[in-house]
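Both of the next two complexes hold subunit A, though its partner changes from subunit B to subunit C.
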Partner chain A sequence: MINSRSRLAIALYALMAVLCIPFLFPTWWMITSSFKPVSEIFAFPPTLLPRQFVTDAYGRVFELQPFARQYFNSLYIAAAVTAGTLAFSSLAGYAFARIRFPGANLLFMLVLTGLLIPSEVTIVPLFQMFLDVGAINTHWPLILVPMLGAPSALQTFIMRQFFSGLPHELEDAARIDGLGRFAIYRRIALPLAKPALAAVGIFTFLYSWNLYLEPIVFLSSPDKFTLPQALTQFVDAYGGPMWNIQLAAASLTAIPVLVVFVIAQKQFIEGLAYTGLKG
Partner chain B sequence: MTPDRYRRGLEEAQLAHDHLLPSTSPDVRRSWWTPARRDHFTGYLFILPQIAGLIVFVLAPLALMAWYSLNEWNVLAGTFSFVGIGNYEKLATDPALPGVLWASACFSVGLVLFNLSLALLLAVLLNQKLAGTVVFRTIFFSPVVVSLVAWAIVWRFLLQQDGGINAVLRMLSIDGPNWLRGPTTAMTSVIVVQVVKNVGLNMVLFLAALQNVPQELYEAARVDGASRWTQFFRITVPLISPTVLLTSIITVAGSLQVFAQIAVLTEGGPGTSTTVLVYYLYQQAFQFHFFGYGASLAMLLLLIVGALTYLQWSLRKAWVYDND
Partner chain C sequence: MASVSIASVNKSFGSHPVIKDVSVEIADGEFVILVGPSGCGKSTLLRIIAGLETINSGTLAIGDRRVNDVEPKDRDIAMVFQNYALYPHMTVAANMAFSLVQRGVARAEIERHVHEAAAILEIEPLLSRYPKQLSGGQRQRVAMGRAIVRNPKVFLFDEPLSNLDAKLRVQMRGEIKALHHRLATTMIYVTHDQIEAMTMADRIVVLRDGKVEQVGSPLDLYDHPVNLFVAGFLGSNGMAFFRGSYRDGQFVSSDGLNLPFAARGDLEGRDVVCGVRPDDFILTDDGVDATVDVLEPTGSETQMLARWGSQKFTSLFRGRLTAPPGSSVRLGIAPGRAHVFDATSGLRIDGRQSPFHA
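Let's turn to the complex of A and B:
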């Protein structure tokens, strides 16, 4: 005899299992299809696992485009943006939370303005500015704008909220010990801010990793491309996508981040929830 | 604590003390470089990179954009001439614009409603204290970390006429439509793809909010004989309403910035049925090279984002439960 409590549990598990399909199936389909020969990709009935396992598409990914170079571009740009954002937003966030200097409120309004302005809005003048200084078809716009422009305002805001919530006592004790502001920030505030820094770092990295409009506006030569831009370039002579190759490239882009996520999912999700609540 | 540092600390404390209290000996001239001033200076140094970045990459472009929008500027033809409100007149009479705004509105409304309700449903399911919910939480969140373009490419593959979704439907003897080639199904598809990609973010924020609702309230309600539904709408919803406000502001703002998914899935089509404002701006400025007109479209986008954020913020009093 099944009681009502476990009947409810079974119903909930069934509902969640069904809801999982749209979240899991695309990734599954992407990876398995990339190992199917072209003839099998659109076969009916569809095959959940490749009937014939081929890895040709993966070789072609690297032949058709400088894919390794593009992978490196995306990685180093995202790493540079993340490192810079962590440094500058934690410095600014700390100052706004702790140091009372004239004009702080006015300057913080500027941060809030950046928070509300989508970076897409300023893409036309940004393009012209970078054209004027000869930085088109370089990675500078993709590094500098996310690191210091509108997208970084949210990170500064999160860091300020976090530092405002820390108790004053530790810092007061350190000041009596004669530590300067920078030493307090570096040795006391930053180590306490690890959860906020982790969340800010993860989301800055993903933001840069996902950028698409900016690269297609700023970059024009394939060896400068980032991954999202490169993925859409695997097309045949008629502009139609070469599906198995596109899916192989997409898998190569998605799988490493997914693996890191599954290993560190606790930090990912709880870090986000934590900062989200504070912010 | 080293004696040296201790002495320095004492000196600083003494200096700060002197600075705060009127000096008893008028002949002692304090230097201009007081500890307070030094502290202000440190503050400015700390915020310098961020503020300089915001001035160069936000304020200056905004000012330039306002100026560009008053000029006729075709990059290909190399023409740049002052036209006053000419671009705004073009904006008002552009036959394509009502369709673009309608598509943006459909996308945003559909996305926000579907995203927030699915996020809340998933969060409530995960909050039932069942074994193994961490696995489900990981699965629901996983698309967030998949590269946006990779995600859109897979869905385009799945949504084709002979793609995976129609193949599954055919096995159930259902003839699926060509999802991305019909106006209604294209818009629905774009919304669903985007919701599945990002709903995990809001789900996690809702889950954290649900876990902060005090259990005593539910116990008290049970004692009073309130049903599960009453508990949900009378206790849960009011207590998580600040999170609903936060997530709705983030989601509305994000929905107006959608670009990559549209570019990969539909290229704004069929016709202009999925041409949202940012995609139209991109087409006008970077495909047709009308920079001046693109700038005035950007001003319009800015106005819409500002108005919606202000609206949500000022309406919060009406429906957000405030603890204080």
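Let's turn to the complex of A and C:
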């Protein structure tokens, strides 16, 4: 028997399924097309599943460019940026939330103005700066700029807001228990900040992973390229895209993002249960 | 165990003074309660003793040691906070052990201390739980356990019962008192609840606006309040106050009524406030007619809201009585139980002064 309540539920799920299509279809198309020959990608009527299943494109991805190397570049840069940003933003955020020093608010405002400056504005002076120190066509600009520059301002803000919400009594108790300022940060505040750290981590990783303008400005040799930059290089002699190969490379590029999201999503849910002292 | 000496301590937040020249001597093993309305500086004073706040001037000593510049961890104190301040990411056992781990105490010994404290507080089954899995009363016990484990010279309590429901509060009140008997350690306890202060303390320190109003045993403060503030603050049914002056040796209220307060020839012509505890009213034919507003029988006693002229007051009688609202009863005051205060300064002006008055 189907009562009206479960009928409503079915209708609701049907609607949600339809609404999912715009989000799921591009991914579906990307993955399935990477297993099709080029002729089938443009066939009419289009096919949802590859009629002719070929994996050539995946091999070609690694032949045309040092793709494994580029993959490693993107991974380690994103990992370094994430680790560095977590360290800097949690330290700075904690300091802004808890340590009273003259000019703290002014300094924090200054940090926040970093959010208002588009990266396109600073990229030329940054290029000049890194040229002066001989760091062009190295990964240093891609690691140092997000970690120490404007992009970490938002993360510092998030961390500061989180630390501001921690009860002062916890720190008082920790002081009586014999912890110094850094130990309080490290052993009390930081373990409680897991939800905020997860949010900052996922934002930062995605930011670095998707970075496009900076790599094409700072890097010139293919073995230094990062993935978003490398994707645009899968072109034929006339500059036209090699669709099946590009889609294969794009599919491979999406994997770490999905992995990070799945891991951090678990953290987010844990974070919801983590409400500190109340309850 | 140690005494605590607070001598001429001053503390300001910016230009705003919150503790003004406070001096209190607390004996070894004593249970002292700091009480006062919110904003009176009682919590700040406790935090000063803990070392969480620095002082601008004065001397603070625990035992024979001047601790003005000593870090909280080195003062040999333990503190129980209002919201318990248990570390949410650690189990109960880890919370209790934390300070000992910090001090580098051997593992076996930590284990022993934690289990001893857990046994005293009957929280052994909770040791592997996290604070969020505990009820308010259980958290309160764990917070006390964390303090006991340290085996401190002085326990500091900052309104530890105010987050508990009324029934649990009464129970924990008894347990803290029992704990004091058992450990015989100096305890300093902050509350805004005068009942807590009256029932638990060896001595009470009444604070107002950062100043000590009076120090003394609960009953000493109850019987001999040094001023109107202390008189009104202590006691569960506030003291009844009557404004007026002495004429021809008799107290005449501001309504012109002769009220049955003892004659005082020495106060002739002076504006005073006379105070009576609700239970010090008596029914007597020699009394003065009071108009009954409300009668509230509670079984064992009867509370009566009444008026002498325009001045309303609460009186309390053992047993039962009947008096319809609007009727009048003749009320007197038990001999020697009236309090007389100067109307301008608010200071007590009758015979004996409290030996502890500030």
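One rule holds for everything that comes next: the second predicted complex is superposed on the first by the 242 of 279 C-alpha atoms of A that agree within 3 Å, B and C clash if a C-alpha of one lies under 4 Å from a C-alpha of the other, contacts with A are read in each partner's own complex, and residues count from 1 in each chain.
The definition used in the following text is that a residue touches a chain if its C-beta (ideal position, glycine included) is under 8 Å from a C-beta of that chain, and two chains touch if they have at least 3 such contacts.
Owing to the predicted nature of the structure, the values given are computational and were not obtained by experimental measurement.
Asks: For A:L24, is the partner it touches subunit B (first), subunit C (second), both, or none of the two (neither)?
Replies: In the superposed model, A:L24 contacts subunit B only, not subunit C.
Asks: Which partner, subunit B or subunit C, is in contact with more residues of subunit A?
Replies: If we count touched residues of subunit A for both partners, the winner is B.
Asks: For A:L112, decide between first (touching subunit B), second (touching subunit C), both and neither.
Replies: Neither subunit B nor subunit C is touched by A:L112.
Asks: Considering only touches as defined above, state whether A:I188 meets subunit B (first), subunit C (second), both or neither.
Replies: A:I188 contacts subunit C only, not subunit B.
Asks: Of the partners subunit B and subunit C, which touch A:V235 in the superposed model: first, second, both, neither?
Replies: A:V235 contacts neither subunit B nor subunit C.
Asks: With the two complexes superposed on chain A, say which partner A:L48 touches: subunit B (first), subunit C (second), both, or neither.
Replies: Touch partners of A:L48: none, neither subunit B nor subunit C.
Asks: Using the superposition on chain A described above, determine whether A:V38 touches subunit B (first), subunit C (second), both, or neither.
Replies: So A:V38 meets neither subunit B nor subunit C here.
Asks: Once chain A of both complexes is superposed, is A:D177 in touch with subunit B (first), subunit C (second), both, or neither?
Replies: Touch status of A:D177: both partners.
Asks: Both subunit B and subunit C contact which residues of subunit A?
Replies: The overlap between the subunit B and subunit C interfaces on subunit A comprises residues 175-178, 274, 276-277, 279.
Asks: Can you list the subunit B residues touching subunit A in their complex?
Replies: 1, 5-6, 8-9, 12-13, 39-40, 42-44, 46-47, 49-62, 64-65, 68, 122, 125, 128, 130, 134, 136-151, 153-158, 162-164, 167-168, 170-171, 192, 196, 201, 204-205, 207-209, 212, 243, 246, 253, 256-257, 259-260, 263-264, 278, 281-282, 285-286, 291, 294-295, 298, 301-302, 305-306, 309
Asks: Along subunit C, where are the residues that touch subunit A in the complex?
Replies: The contact residues of subunit C facing subunit A are 47, 50-52, 71-73, 77-79, 81-89, 98-99, 102-103, 131-132, 146.
Asks: Would you mind writing out the residues of subunit A in touch with subunit C in their complex?
Replies: Counting only subunit A, the residues touching subunit C are 167, 169-170, 172-179, 188, 191-192, 274-277, 279.
Asks: What does subunit A use to touch subunit B in their complex?
Replies: Subunit A reaches subunit B through residues 9, 12-13, 15-16, 19-20, 22-27, 29-30, 33, 42, 44-46, 87-89, 91-92, 94-96, 99-102, 104, 107, 110-111, 113-114, 116-118, 120-129, 144-145, 147-150, 152-153, 156, 175-178, 180-182, 185, 206, 209-210, 212-213, 216-217, 227-229, 231-232, 241, 243, 246-247, 250-251, 253-254, 257-258, 260-262, 265, 268-269, 272-274, 276-277, 279.
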